[in-house]
Each structure stands twice: as structure tokens, then as C-alpha cells.
Amino acid sequence: MEKLIAGLLLLLVLALPARAQDAFTTALPGLAGGFSEAAAAVEQLGASADPRALPVLRAMAEGRLQKTPEGALRVPQGDGFVDPATGQPADAAGAETVRLNNRVRQALRGALGQLQIISPDAGERLAAAEGVFRSRSAANVPLLEAALAKETVPRIREQMELALAASQLVGTEAEGKRSAIARLGSAGTTEARALLIEARIANPDMATAIDVSLAAIEQTLAIRRAAETLFQGLSLGSVLLLAALGLAVTFGVMGVINMAHGEFVMLGAYATFMVQEACRGIPWLAPWSLPLAVPAAFLLAAAAGAILERGLIRHLYGRPLETLLMTFGVGMILQQAVRSIFGAQNREVTSPAWMQGTMMLPGGIAVTQNRMWIIVFGIAVLLLVIAAIRYTRFGLEMRAVVQNRRIAATMGIRTGRVDALTFAFGSGIAGMAGVALSQIDNVSPNLGTGYIIDSFMVVVFGGVGSLAGTLVGALTLGVVNKVLEPYAGAVLAKVFVLVAIMLFIQRRPRGLFALKGRAAES
Amino acid sequence: MISNASRFTRRATLGGLGAALALPYVKPSFAQSAPIKVGVLHSLSGTMAISETALRDTVLMMVEYANSKGGVLGRRLEAVVVDPASNWPLFAEKARELLAVHKVDVTFGCWTSVSRKSVLPVFEELNGLLFYPVQYEGEEESKNIFYTGAAPNQQAIPAVEYLMSKDGGEAKRIALLGTDYVYPRTTNRILRGFLKSKGIADADIMEEYTPFGHSDWQGIVARVKRFAGEGKKTAIVSTINGDANVPFYRELGNQGIKAEDIPCVAFSVGEEELAGIDTKPLVGHLAAWNYFMSTPGKPNEEFKALWQSYIKNPKRVTNDPMEATYTGFRMWMQAAEKAKSTAVAAVTPALIGQKLMAPCGYEEEMLANHHLSKPVLIGEIQADGQITTVWKTPDAVKAENWSTYIPENANRRR
Amino acid sequence: MSASLAAPAPAGAGRMTLRLVLIGAMLVLAMLPVLNRLPPDSALHVSDFIVSITGKWITYAILALAIDLAWGYAGILSLGHGAFFALGGYAIGMHLMRLIGPRGVYGHPTLPDFMVFLGYRELPWYWLGFEHFPFAILMAMAVPGLLAGVVGYLAFRSRITGVYLSIITQAMTYALMLAFFRNDMGFGGNNGFTDFKELLGMPLNTPSARSTLFYASLLLLLGSLWVCGRVTRSKLGRVLVAIRDAESRTRFLGYDVTQHKLFVFVLSAMIAGLAGALYVPQVGIINPGEFSPGNSIEAVIWVAVGGRGTLVGALLGAFSVNALKTWLTTVAPDLWLFALGGLFVAVTLFLPRGLIGLFQKERR
């Protein structure tokens, strides 16, 4: 009898590791099944805490996991494939990628979180904590507590605490819930708020505690929202600034109305596309294609501008209205030319990795990387323009010609050449704006049309001939637009801004920063 | 100015000549009988050129295809291409020109609803025949128009049903984002009615409209994020049109909205639109259509091969409206053969009941309401810009151009 | 402002010939609907298409005339005249929508289809009165006139001239376009108004309705020509030319520049509004696209091509550019923008007086 019991116990002990292995091997084939079957299998594998599951799930999440026509799984390794069930190299003839849907992806994120939370790699642990935070299951509490006990990096600790709180909130233990509510209240994020709002419905007895936490979050969010609106306004403003700077030179300094200005912006965007295509074949160059595109776009648009000035506009000086109409025709031709060469479809311009995603500023203010860089770029271009006008020989000659053409000519300045250079310079700046716009808008033949009126408004509002006016004008319009938008809607906000500018101009016909003195009278 | 008017007929002949030049390949065997004229009414310039030029090419491809098969009724087909330049009154003028001056037998054209509404009275007055290949809001039926795109019940409602299903993520809150024109307005109205019938409160629906070509999505995407942060699983239903999609998706990707958290299903985004974006951050977002380029099967292989050899570019993508153009064209060929005539009065009845194994992999049928039965496919955007099906209806769904979710349809005049 | 470049009014024999050509042209135009009634196999038969398209061009010509009055004679280059044209079109469009009555898809007795559809319960206040034709026509003049009055008053009072005025008027039409695109405005959003049934009891989309509208447009063209002719030949017209050529000097001579400019601007907007009112029933659609800045610029270019500062030039430009556009969009659908754009460039460069300048040179 005792022997029997001992024998049974022994069997049980022996069976335990075997059962743990079973969880892996039994769940594994499910991955090759339908979406709901696969999601269930992923969840089981995540809960199994089996280290062998990690490479399989990782391959699956990255879209590398293959399945043979017979339904056997294959994980790519080196040049070949291995069978995850045995760990042995295996043949993957006729295999195709295991497909995912959002449900499977969600399960994968949770499972990878469970498996990687004790990973030696800090980045993986952070991602894991985030994954567990989003999967919110009470079953993760012990796992997270164990991980927290070992964790030393503060940033990961914080994320783990939040994940723990999220898991506790859906658990049964009242004490855990209370601490979770307090912890989430101090997090100050929309995700935490969403969790609390849901918990409020499920736990009416804790409503007061939750309300306190929610109020704290609201306060943080309100400040953050204001900061983000300001950023959005500055971002829109920087786009307007870029689009208008070239115009500020050609219109503001030379008095030439160039309706084809938008098309020069478009040329810049297409130059970006071409540079990127050229760099595509050279792997080490590819991430730098965007910086390379800046001079290329400048040169292309400047060359087009120089040709336009020398060939056509030169003959119409002193007749701004005719110039306006003629350049409208030039714009039509340029648009159709680009359409004929590149096709009417959008062209793909990719963003380098350093311009993708969101960046956290201090205070938890989330800003998108591409917009951040466009603001930086806008300021850089503005400084460049100011420097070129103030400190270069060309800038000096340009100012001289603007102030008094005849005296400048008698001083030996070749005014015709200066005109061409100035116009080319302004056009080149428009081309650089195209590089920035290719990162947020369509690269299509119609790209420029959407910016031309806004650009004119910025220049006129800011004060023709004043770069500072252009800067202030662009940023003001951007911010006002974004502040109005949530109340009035995107369209009405824009209409209001346009009407306001029209009224403003009739109060101050020369704009915000009016030029004084003789130049203003011409 | 007088001479302009009186010389116009001669110019019109020149116009036909120009169209013939566009299609120089003429089989000598057709020489005896007059060619059948196929009007092509798609914008080749202006804002809609981005979408419509591919459809012009599809029709030209089909004309070439038909001629290579011996024409229709033994007669050669000849395309008459005009450019309505994304200008709606010009659409009406060009429609009149095609029908009255060039005497086309059939026309393929229009993309936007407003262009269709602009030409509709012209087609009715001059008794022409128009095939309209784009998904639209319904609420219309003309004896002179055949609608080969989807009606709302063949796209919008199944897509939202999917979002609310377990596989789609059990969404309980819906953000309806659209371009401010009639298709999104109607679709969203129908969806509101549908969501209400599923027990979703008005507070859980967000609706926002933007102008055409809207490029600054920062604020709206941030608001969606906030809306999603009020608890309950949230999904976006996008009826954003054309050009505005690229900046919208870029913003979505950059603000880190992942498909696992807030899936976005779009009704106007196809492979052509995705060709302009890096889709890696967008993997898992959804599109609802009646055809994807990735659809397996022989009819689609043939269609894709035909297109890529015609356009001489093995990388050019196909999309849903192109497939609808193709299907409509083949059905018209069948109907003309059946009616033994290309006269509108003969072809129209012959078209009803025409069946075709379409590239979407289902047999489609032209119904008595001038719409097609079509399958509904829900696809996920992939890293390579393709869309793969994750859910589909078992059979082709019959089009309901008068939605039952719009109460006013009950007292509509028939 | 720069010195005058526009031609002085052609004198003597040249002027006489021009007038004869003009009268001849009007007579031929007037014959078109008659020729349309001839049997189709007749050598002189003119097709429906030509009648309808010429009717449309006549309304364009009236718009060109209005622009020429403001630009060619008073130096006010408005890049927003398309807005006045569109507003006139919307006024008559509202009338046409009201006339559909219960014949709409949803059979609502008063509300147009799109309102039924967007869930309106009753007609917005600004739609009241449009069921009466005289009211609609009055509004087609009054609304553009009022808008021009307000914008003009503000601009001219602050002495906004030249390109600044052009940019402001362009912003005006752009803002209106954005506003009208909104479905919440109650003007049908992007789809605008279509599917009109009848006007003054005559069903549209019939040859007889087309010829009636054609003659109405022709009458309006003649009327506008007469009014513009009277204005430009009067003392007022000479003051306007003086303002165009030397605004400050005219002001110092004691003329009230603001009032003169305002008068001609408002008159011009009202003519444009009426042209729009005749345009809409002929093309069968009005939509916010008519407000697009490009449309207004194109209309200005018709005048530039024909020759500004002469009323005949405006007509010549409107007809020739539109005929060319109609022809090219069919003959060369992929290339027409090159041709049209090239024409605009060539005319501004080589023919500063427009096509009419060619004839004037020959005379001298």
C-alpha cells in the first residue's frame, strides 16, 4: 500500500515537468489554425512561461513564422528553418507565412510581455511591461510582483507598477484595487483614465476613490492638452512659414507675384522623391536621403526659378498683375508636366526612422517626431535666409537693388543678375519647403495648390518685405487656427482666420510689420 | 466667335480622330462596319486625376482586350477620351458632347458623386448609358446608369459588424471620421442608425468632418485618442476621401495609434492610395472593399496580368474601382452580344441578370436595381502596401441602394 | 500703380469696324437656336450641343465683361469675381430647388432632398422667399452686390490697391468656397444643387428651354454691353480711367475715388451675379467648386487674352479661350493644360493688349 502511494507520488513528480512541456507542445499546433484558435494558443503559450515559446511567438509577431501545407510550423533560423516542436532543422518547402489579425496581434503583445518581462534586455522589459499593461489580466499580478522585486531601472519600474496596477484593478482583491487606483491616478495618462472609467462602472463601492484619481488625471491632462495644442499650432505655423518664406523673398523683396510658387514647392517634394529613389540601392546612404534631398530640392527649384525669371518674368517688371496671370499659366504647365513625367498618382516618400513616431517632452507632452523636425527645419531655413540677406555679398547687392535700382546699377551692381539670383533664391527656398511637406502631405502634382493662398495671406498679414513679419504671421495663424479648431471645426476655423486677416489688412494695409520710409511708398 | 461655333462639327470630327490616335492599334478585319464608340469620362487633370487616370487606363485596356477577342458583335471598339478636368459643370458638358457629338454607345466614367449627379440629367435626357464604377452612398437609381461599385450595405455595415465582433476587437465606441461630402455623410447616417440598433449610445459615437485635401490631422487624431481614452474599446471608421488619406495615415502612425488598440477601417483607401505611404506603421488597420489585389484565384490572376501587361509595369497595383470597371465592361460586352445590338434600349434589359465570375473570386450578378451583387471583404493593411483578406461574406451580397436605416426611404417616390 | 498699358479706345474707322463685327457676331449668335430647329441633315443645322455650349459661353462672356469693367476701366483686379458669379448661381439654384417641390426623391413637399436627408425639419430662414422667381433674381444681384459693397468699401477706404486687393478678393472667394463646402451651411455641401426640373413653368432639359435660356443670356449680354458702354463713355467712365492710371492724382483733383471705385465694383459684381443666375439652369449644377480661386483667375485670363480695357476684347477672350478649352479637352486630353498655359504665358508676354490688340495694330 505504502509502496503504491510512493509509486503514485513518484509518477506524479515525474509527470509534472512532462505536463509543463505538454502545455507548450499541445498549444503549439494551434498557432497554425484559424484566427481565434491561434489567439487562444498564443495566450496559452504566454501563460506557460516556457522559454521555448519565446522565439516562436517573436517570429510570429514579426511575420516570419511559416507553416507548411500540412500545417506544421517552421521558424526561420540562419539560412534554414527549424521545427519549433522538436528544435531540429526541418524542411519548409511550400510553406507560407502565418497570417495575423488584430486579435492575434493583441494576444501576441500580451504573451510576449509575459515571456519577456524577465528578459535581460532593458528595452525588451520595457516593451513587455507595456504589453502586459495593455493586456490587463489579473493573472499577471504574481508575475509582475516578481519582476518588480528584481527591477532596478526607474523607467521600467514605473511602467511595471502601472502594469501591476492595471492588473490589480481587474482582480478580486480589494486592497490591491485601492492601491491600484491611487497609482493610476498619479500616472496622468489617457490610458490610465480609460482604465479608471471602466473600473468605476465595475466597482461602484470605490467610486469616490476613483473620482479623486480621475480628477487628478484630468488636471494633468488639461495642462498637457494646452501644451499639445500649442505644439500643433507651432507645427502648422512652421509649415506655413516654410511655404511662405520663399514668397516673402520673391513677393516681399522683389514685388513679383508668383502664382507658380506652389509648384516650386511641389518640385522640391518630387526632388525628395527622386533623391530617395536614387539612394534606395545604396543601403548606407538610404537613411541620409532626406538631408541630401534638401540641397537637391533647393537647386532644382532654384534652377527652375532662374529660368522662369530670365525667360519670362524679366519682361514683365513693373506689371505685377500681368506677372500674376502669366505665372498662373506657368503653374498649369508645371503641374501637367510633372503629371506627365511621374504620373498622376501619389509618389511614396518614406520617413527615416528618426522622423517616425512620438517623442516625449518633459511633463509627458507627446509630440510627433516629424513635426518636431519640421519646426526645427523651418527655423533653420529662416536663419539661413536672414544670414544670406544680412551677411553675404549677394544679400548686400540684393538690398541695394531693392532700395534704389539706378544707384545700385551705377555702383557697378549687375542688377539683372541680382534679380535672377534673388528669384532663384526665393524659388529654392520653396523647393526646400517641399522637402518638409513631402513628410506630411501627398507627393502629387496638386501638392502646391493647397498652400499658395495660405502663403500669400501669411506674407500680406505679416507685412510685405519683412521676414520677422512672415515668422510672426505664420506662427500666429498656425496657433490661432489650432486653438479655434476644436470649437469651430477644421473648416470654420480656417474661414474665421481668413476673414480675420481680411479685416486686419483693411485696418493695417501694410501688415503687422509695416516697412517705413521711402521703400514703403513704391 | 461665330466661326468657333459653326466650325464646331469639324472640330468634333477632329476630336474623334484624336481619340483614334490614342488607340492606334486597329485590326484590319474590322474594316467594313462602323466601330462601336466607348466614351471615357474620367478626370485627367485637377484634384481627381490622382484616382481617375487609372480608370481611364482600365477602360482603354478593356477596349484593347475586346478588340483582341474579335470586338463586340464583330465590330471594332473605339474609345473616345475626354478630360472633364475635375470640374463638375464640365462633366455635364463633356457628357453631352460624348452623347450628342460623338454618339458613343456606352460611357464609362465619373468617380465622385457630384460628377455623377452632374451628368445624370444629361444621360437621362439623351438616353445614354453610363457605367459608374465607384462605391457610393446609394439613394439613387437611374434607368441610364449602371452602378458597379458597392452600395452602403455591401461595404459599410459588414465592416462595422466585423469591428464589433470578437475577431474585430469587440469595439464599443466608434469614431466616424470623414471628408465633408455626401458619401461620408450618408454612410455615417446609415451607420448611426445601425449602431443604434446594436445598442450603442450616441455618447459613444464621435463624428467629425474635414474639407477635401485636408492635410493637418494633428488635432483630430489627438481628439480620437482622447475619445478612446474614455474607456471601452474604440475603433475608427474612416470615410476620408482621396488625397487626405496620406497625411491622415502618417499622423495615425506617428501618434502611435496601433491597430491592436484603435483599429481604423477605411472605405475609400485602396492599394492605389497606399502606394503613396510607408505602410509599416499601419499594419493591421483595415479596409473594407469588394475586391483586393491580393485576392487569390484565376479570374484575378488574369485581370492582374492583363493590367500589368497593358500598362507595361509589373509593379502597378489594381484596386476595387478598377475591378468594378472591368466587371462592368465585361458585363456590357456580354449584354451587347445577347441583345445583338449596342442600342441603349436593347442593352439595358439584357444587362439585368448578367453574371460574371469577377476577379474578386465570386460570381457577380447585375440586379434589377442596376447594382451588382458583390461579396464584402475585410482586409488588413500589410507592410508591403497590399491588403489581405481577414474576413469575407460567404456569398455575394445583394445591393440595397435604398438603405433601410434611413427612415425617409420609407416614403420615397418610386 | 504703374502707368497705363491698356489701349486707348480705338477711334474712327477702327471703332466703326469693331462695332460692325460685334453686331454681326450678335446676329449670328441669335441665329443659332433657329438653325438648331432645321432638320438634322440640313447643311446649316446646328446641333443641340452647340446651342447649349454657346449659351454657357455667353454667360461666361458676361462675367468677362463684368471683370473688364472693374479691371480694364477702373484698375480693380478682382480675383474673386467667380464668387459673385457663383452667388448669383446659388440664388437661382435655390429657386430651382424650391420648384422641385414634392417631385424630389423623398417626396417632401417643401424641403429639398439633401435637407430631408441631413435631417432638417424645416426650411432654414435664409431659404424663405426663394420660391418666387423675382425674389431669386433680385437676390442674384443683391447678394453679390452687397458682398462687393462691404468688401469694396473696407478695401477702397483703406486704399488697398493693386495686388493687395487681388490677394484679398482671392481670399474672399477661397473662404466662401470652404464655407459652402460644409454640409452644415444648408447649401448642399459639395454636391450643391442638381437635378433641376423646371423654371418659370417650362421644363428644363428640353430644346425649347435651352433656346429660351440662350436668348435670355444673349439679352443679358446685350444689356450688359449697353450698361457698360454707357458707364465707360460717361464722365464717370473717364474718372474711372483716371483712377486706373493715376489714383492719387485723381484724388488730389478732388474726386471721391472710394465712391467711384465702389460704384463700379458693385455694378460689376451684380452683372456677374446675373450671369451666374443664367449659367446655372443651363449647366444644370451649382456647387462650391465655382468659388475656387482658379476659376476666378481663369475668368480674368479670358479678359487678358481678349484685351482688357475694351468691352469687345472681354467677349472675344471669353469665347475664344472657352472654345479652345472645349476643343482641346477632347482632342488632347493629356496635353491641353500645356496648350492653355502656354497661351496665357504667350498672351501676357507678347500681346499685352490681348487679341484685340492685333486688330488695332492693323488699323494703324
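Think of it as A, B and C in the order they're written, each chain with its own count starting at 1.
Note that in this section a residue touches a chain if its C-beta (ideal position, glycine included) is under 8 Å from a C-beta of that chain, and two chains touch if they have at least 3 such contacts.
This structure is a prediction, so every number in the text was calculated from the model and none was measured.
*Asks:* Work out per-chain C-alpha centres and flag the one nearest the whole-protein C-alpha centre.
*Replies:* Central chain: B.
*Asks:* Go through A-C and A-B and name the pair with more C-beta contacts between its chains.
*Replies:* Higher C-beta contact count between the two pairs: A-B.
*Asks:* What's the distance between the Cα centroids of chain B and chain C, rounded to whole Å?
*Replies:* 34
*Asks:* Distance from the CA centroid of chain A to that of chain C, rounded to the nearest Å?
*Replies:* Distance between chain centres, rounded to whole Å: 45 Å.
*Asks:* How many angstrom between the C-alpha centroids of chain B and chain A?
*Replies:* Chain centres of chain A and chain B, defined by C-alpha means, are spaced 30 Å apart.
*Asks:* Indicate the residues of chain A shared as contacts by at least two other chains.
*Replies:* Expected reply: 335-336, 489, 491, 494.
*Asks:* Identify all positions of chain C at which a residue touches two or more other chains, and write them in rising order.
*Replies:* Touching at least two other chains: 178, 181-182, 334, 337.
*Asks:* So which bits of chain B are touching at least two other chains?
*Replies:* 44-45, 180, 209, 211
*Asks:* Which part of chain A faces chain C closely enough to touch in the complex?
*Replies:* The contact residues of chain A facing chain C are 257, 259, 312, 315-316, 318-326, 328-333, 335-337, 340, 449, 453, 456-457, 460, 489, 491-492, 494-495, 498-499, 501-503, 505-507, 509.
*Asks:* Which residues of chain B touch chain A once you look at their complex with the stated criterion?
*Replies:* It comes out as residues 44-47, 49-50, 52-54, 166-169, 180, 208-211, 213-216, 218-220, 222-223, 225-226, 228-232, 243, 246-247, 250-251, 253-256, 259-261, 263, 272-273, 275-278, 281, 284, 380, 383, 388, 390.
*Asks:* Within their complex, state which residues of chain C touch chain A.
*Replies:* For chain C paired with chain A, touching residues are 2, 5, 77, 151, 154-155, 157-160, 162-164, 166-168, 170-172, 174-175, 178-179, 181-182, 293-294, 297, 300-301, 304, 334-335, 337-338, 340-345, 348-349, 352.
*Asks:* Which bits of chain A are touching chain B when the two form their complex?
*Replies:* By the definition above, chain A touches chain B via 35-36, 63, 99-103, 105-106, 109, 134, 190-191, 193-195, 197-198, 201, 225, 228-229, 232, 235-236, 239, 335-336, 339, 343-348, 350-351, 356-358, 366, 368-371, 439-446, 450, 482, 485-486, 489-491, 494.
*Asks:* What does chain C use to touch chain B in their complex?
*Replies:* It comes out as residues 24-25, 28-29, 32, 46-50, 52-54, 56-57, 103-108, 114, 116-119, 178, 181-183, 189-192, 194-196, 204-205, 283-285, 287, 289-290, 315-316, 319-320, 323, 326-327, 329-334, 336-337.
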